[in-house]
Amino acid sequence: MVRHIGKKLLTGMTLAAMVAIAALPVQASAATLHMAWSQDATGLDPHKQTAFSSLRLLELIYEPLVRLDANLQITPAIADSWQFSPDGKELSFRLNPKAKFQNGAAVTSADVKASFERILDEKTGAAARANFLSIASIDTPDPANVVFHLSQPDVPILTAMSDVNAAIVPASEIAAGSIGTTTIGSGPFKLEKWDPNSKEVLVANKDWAGGATGVDGIDISVLPDETAILAAMRTKQIDFALLNDPLVATLVPKEASLQLNRVPVLAYHVLQLNPSRKPMTELKVRQAISCAIDRQEVLDTASLGEGKVTGPLTIPALATDPKQLFCYKRDIERAKQLMAQAGYADGFSATVIGATGEPPTAAAEAQVIQSQLAEIGVKLDIKMMELNVYVDAWLKGDFDMAVALNGGRADPYTMYNRYWTKTGNLQKVANYIDDTLDSLMQKGRTETDPAARKAIFADFEKHITEMSPWIWLYTSYSYTAQQKNIAGFEPVPTGSLFSLAKVTIQ
Amino acid sequence: MISLLSVSGLRVGFGRNPQANEVVRGVSFDLADGETLAIVGESGSGKSVTALSINRLVDYGGGRITGGSIKLRRADGSTFDLTAAAEPQLTKIRGGEIGMIFQEPMTSLNPVLTIGWQIEESFRLHRGLTGRRATAAAKDALDRVRIPDAARRLKYTPNQLSGGMLQRVMIAMAIACNPRLLIADEPTTALDVTVQAQIMALLAELKQETGMSMIFITHDIGLVAGIADKVMVMQGGEAVEQGALNQILDDPQHPYTRHLLHAVPHFAGGGATRRDAQREKQKAAEPALKVDGLVVRFPVKGGFLSRTSGAVHAVDGVDFELMPGETLAVVGESGSGKSTTARAILGLVRSTRGTISASARKAAAGQSALPVQMVFQNPYGSLNPRLTVENLLAEPVIATGGRITAETRAKMAALLKRVGLPENSLQRYPHEFSGGQRQRLCIARALMLNPSVIVLDEAVSALDVSVQARVLKLLIELQREFGLAYLFISHDMAVVERIAHRIAVIYAGQIVEIGDARSVLSEPKHSYTKQLIAAVPTIDRRHERFELDTRQVPSLVRPLGFEPGPANWQQFGPDHRARVEV
Amino acid sequence: MATLRAIFAHPSGRIGGAIVALYLLLAVLGMLGLTPHNPLTQHRVERLHAPDSTYWMGTDLFGRDVASRLMTGIGQSFIVAFFSVAVATLAGTVLGLAAAWFGRRWDGLVMRIMDVVLAFPAILLALLIVAVAGPGTSTSVIAIAIVYTPIFTRVVRGPALSLKAREFVDAARTFGSSAGYIVTRHLLLNLVAPLTVQVTLALAWALLTEAGLSFLGLGTQPPAASLGLMLSDSRNLMETAPWLMIFPGVAIMIGILGFNLLGDALRDVLDPKMRRSIA
Amino acid sequence: MNYLMRRLATFPLVLLGVSIVVFLAIRMVPGDSITAMLGTEAGLLTPQQRDALAAYFGIDQPWFIQYWRWLLGLFQGNLGISSTYGRPVLDVILEHFPLTLELALLSMVIALLVGMPAGIFAATHNEKLSDLGVRVVAMIGQSTPNFVLALLIIYTLSAGFGVLPAMGEFSPLWQDPLRNLGQLLLPAITLGFAFAASVTRISRSAMLDVLSDDYVRTARSKGVSARGVIWRHALPNALIPVVTLSGIEFGYLLGGAVIVEQIYALPGLGRMVLDAILQRDYALVQGSVLFIAFNFMIVNLLVDLAYVALDPRIRLSEH
């Protein structure tokens, strides 16, 4: 018996020793930032990628002509300065003479022209092409200047150009057809290595026009489980991480050595109704649903209160106070009346779809909504689907209702023209349009006076919430967690991690 | 100075409460040096448990010695009570002073170790030999049990050797370290009769050579005659009679001993055959079963792309006629093709050639009949354990398109009664019956369809000897009553002698001798028949020496297209002929 | 009847039987709505409430009573486990018997198809099935059933082949019994015991698989509860509200333990190999 | 030898079946490479854009033509190009395989080292309290979902002790063996726990079975000690069920342990395939499922060959 115990003890000790060896903190060079996220980039072609992680990665490598700051104001990137012609049909840029691609070549107007031609070429399948359809032609008077001729006045096009989907890539690489396989940008970091779904290694670009970066490089690890990311941060293996799940993010402040950064984002959580399907065809039914939903409670339960109830416009400068919007205060009595008036006093059954883990709160939102709508007799069936299956159904408009987290843009027209204009590419998803909406959107597109624009979009917001094709719920935060010795990170509403370029490790 | 082994008042029980579950109830005996004691009894008599208690292996089977003593005189002259021995002492005694061999050589050797290793182990344990010296000792041990080509065989694993060879290996292993006592627990029961004779001869020789004592356990009192000095008869856990060999065999006192000696079949060299032969009376009658030129071959595949490279000639041109009311016994050793013949007649294996014709008896009203039915060897295997007796008996009726009516039920009840089973049997399951009862059940089932022929494939071989006698009696009665013809397949000459009218001896797939039972048994003509009969142990052959013969069974595999030459028969009597040997 | 008595005489049979019976009782109560609270009612002000006298096992993110959800969750998990194992048993038995009985080509064909299923990584198979058919209880059942069918096919085929060679089958052939009769009476009836054992053990595995599927978001759909879904929902709340993981976790472990114990007892009682006497 | 040839001859058939099933299944799943890349933005594409992308991903042809092309490529040893990795599928698979293989081996080693002694111990102390203890622990091991175990381990180590094996960048064995073992130890324990539990149970019952066999009695009659009986006589015979079970489990593990790889952030085969499915990387899904199926069959074959090595009675001609 004694021998047995002895053996066990020995095994136990060996095990402990091995774990201890395994647990030795990784001693890396101080100037490398160890970063983690749960979802990896899905590709490297800046014009084609739309996945959140891809954009965050590519923003560190490629640069667009202009960039948005923390207040969503347009600031220089490759372009030093820019100007609209008085009639709004000509947009000219002067390029930063120091801007250089990572292969050493200067960024010239020819590269700009080639990049936009690539985006506009249907064969490319570029994601942002729809935003640039008003470009009639591109002039390159000299290597440092480029002029876009527009077919009609298009104010939002400048904001659209701040997106990494409109990044400037070398004309030579386009000719070689190697965009997406090699990454030659003009941004602060060079991509040295990419193991999809495992890791990225970024090194500082010494020639970056924006000056020296604060770290020598960034190692990004893909840790699919966010609990594990938190665990890794606790043991100081990770300096900086991107978090999606508010349930995990809210645990960060409890750790003395960690800091949570949060910033309200432009993306919005929404319950999309499908007004082409009975009984959502009835305005009163849609309004009843809007009145029956307690948006704050959805936010409080699904996201632990991490976020803000919002109307359709999530851009702070343009947003209307939600209190003024239709039925933003829950009113069950009114909802029941509306249902009765529409002839659905006894309610109806419908199915709501959601994507598993995308966002992580989707299932929870659906369940709270289900419970709330049950009070006016609407029986919801929840169907959670794998993201791609969901996207497929969503694009076909094959749903009664859908919980979604839709991306926001810094300009309301760019953000919504796809849904709420008569020619919007995603009209078949939105399935609702009226003349008021369409004309307001068209006016907003061409209006250059900021105050007038704000008024136009306020009207748009009021009208669409009253028509209730969708029930806008709330905007959440974009979370980053960091060790407290990391300084200089500035979160922005677009979710961009561009300020990592200036982050230092103390 | 006491004798080598002295057992007194031995009691052994099993289970949680061994006192209440005693299997051996006060057995005493003494064994002197060089003496052989035979313990005779049927299953459940406690003979094996007694043997296993001596080297205390019974402990591992869940048994406990609850009383008595087993005193062993050790090599140094001290005596030692095995009932009180601790495990470390016992491991020295086992193999070192007491060797043991078991009934099933096929399962008693470790299948994954070479026989050489297993023999060497004894030398390692008790002689401390290692490496080459152990190997050499193992080779000597195999030589000692007359295994030819011993050096090569050491590297064999048990599956590469026949049962007889394996039993020799077992013996070699058991006597490797010259134990002074060898316990042999039914060492020949699983073997063919000629092989049995070989093993018996070997044991007798070894005993002579080494002067060891032996305890020989068997159910066959006939076998005892050849080897024992003393006999102990056991029944129900008690020794009902013991004494010197001749005294027990010639002047048994206890009724059970007398029963074993007289009521159970013993081979009498043709002296105990039936005298109710049917053949003469019905010369003109149509045979109940006629087999003509039966050939059964199994393809042998091998080589590249699994081409058929040859065939096993399991049955190679067998023909015979079976008259109504007659028993034809087909005798032969394992692998001779006798069972395959039976299975071919029933259509269980496809015959390659030949005709089988059976004349259907006039069917009972309303029931169609299959003329040939079969009773299998293993009464445990041939009854589906999950069906009630009623369902079992109903099956042949349903299978032939009949229905279960009050009439069929009445027939079932009548048949059950006729074969001697209790009336309430219909709702019971097979496991509630003993082996003999199950075989009666099988017989009843075979009779459900009013067959004219019943094939009995080793039908009594798995039964205890006294049960065997009763079932044979029943069979004979039924034969007379229903005019049945039996094709009786058996390896057991004693049983065959009791039931057969005619005998066919089959060897390597061919009948080598056929004829009237008495004539074949008393005056065998073919050398194989002679050998077979010579090997049968009888009570009358006491301390007889068998000759050792290490011939192997011939291979039945023949190249493709091989055909045996035409048979030449020589007639020896009105109904007795044998193949002419080349 | 005798089997039942033997199981209760067996110590692990007693414990396993008691656990399974208790779970069945809880599941039935849950299905009848006899839970302490309504499992679906969201008590909004009492979200993530620690266990106390009102909420014995606390409340979840939505303020739903965990104890009540656990009861209905057990029911849901059992339904998935039972039905998937039932389908797999049925399919496996039919295929296994067909393969054993017809032999040769059929055997080869059936077993090769089973090889295909078996060689397919199980979780991927489930993933593809769920993706094609859409998630939900019936899909989980089908997915788990397909994964288990080859196992049951093998479990049936092996013994069926050896039963086919038994003397009572030979006997049946000599009477001219029909194939259907032999297969049902002689093969199937004798397979009941090994199948029962396998079914009990498979139930334990199915519970585990259901949990794994739910972890990947492929199982039961909210707001219904299953043990696996409750567990996987709790993972990011492990630190905030540990009771959300502890109770379903313990429940699933004890449930599986119950089936395993019962399976062991059944094996001891029904499997003649273990019963063979030594004397 | 002959048996081996015949077994190998069935491989292509089974693999063909697997490939057809996976080929059809992955295409029956709604969504395609384009939606996987662009998400809801795919709705913005014009039909021409869509066609161009479909051609880019090679999904512009009817499925049977795609399959035929894929099959032709397969015969030339070309499994296609992964759309996520932009590299040949085989390269991608072979890059992820060593980790999976190592993890599977390590789990098996743990399972055998813990499970066999525990099982033998329980068998030799049959029906005693210690036997019961081993059996209960084994059953708990079998009934713990591995993701619960994994999360508990990570949480306990990181929150309770502030230690954790290096997450993220994975070091292959040949680069940094110590770090590699450190990274794989916990996942291997997580997987090995239930595995060890199964091994314990099966070796216990196999041992009990074998200990009542005739040749064990023979060994005892020769005077072999209790230890000798167990280790030299019983164990080699009790190994077959253990080998069978280990083989099956190992075969499954070679397919990747999706959940454990995900929680411990290991770039193994399981996660790779899961991601490939989620990202509709058709070529990679097809290639890797085929690869996994092939491995599974090889492992099964090896198990069969192990039977022969373990037990000379087994003739593989008829199986």
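As written, the chain order gives the labels A, B, C and D, with residue 1 at the start of each chain.
The rule is simple: a contact is a pair of C-beta atoms (placed from the backbone, for glycine too) under 8 Å apart; a residue touches a chain by one contact, two chains touch by 3 or more.
As the structure is a computational prediction, the values presented were derived from the model and not from experiment.
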item	value
Highest-count interface - the chain pair sharing the most C-beta contacts	A-D
Cα-centroid distance, chain C relative to chain D, in whole angstrom	22
Inter-chain centre distance, chain A versus chain D - centres from mean C-alpha coordinates, in Å	37
Between chain B and chain A, distance of the C-alpha-averaged centres to the nearest whole Å	85
Chain A-chain C separation of Cα centroids, rounded to whole Å	42
Multi-partner residues of chain C (at least 2 other chains)	131, 235, 238-239, 278
For chain B, residues contacting two or more additional chains	60-61
Where chain A touches two or more other chains at once, by residue number	225, 227, 386, 389
Chain-to-chain touches, reported pairwise for every pair that qualifies	A-C, A-D, B-C, B-D, C-D
Chain D-touching residues of chain A, taken from the complex the two chains share	18-24, 26, 34, 36, 42-43, 48-51, 122-127, 129-130, 180-181, 195-199, 219, 221-225, 227-228, 230-232, 234-235, 237-238, 386-389, 391-395, 404, 406, 418, 425-426, 428-429
Touching residues on chain D, where the partner in the complex is chain A	29-32, 34-46, 48-50, 52-53, 56, 84-86, 151, 154-155, 157-159, 162-170, 178-179, 181-183, 185-186, 262-265, 267, 271-272, 275, 278-280
For the chain B and chain C complex, residues of the former touching the latter	14, 23, 49, 60-63, 343, 346-348, 370, 372-374, 376-378, 381-387, 391, 395-396, 398-400, 442, 445, 449
Chain A residues within the chain C interface of the complex	225-227, 245, 247-248, 250-251, 297, 300-302, 356-357, 360, 363-364, 366-368, 370-371, 382-386, 389
Sites on chain C touched by chain A in the complex	40-42, 44, 47, 61-63, 130-131, 134-136, 217-218, 221-223, 233, 235-240
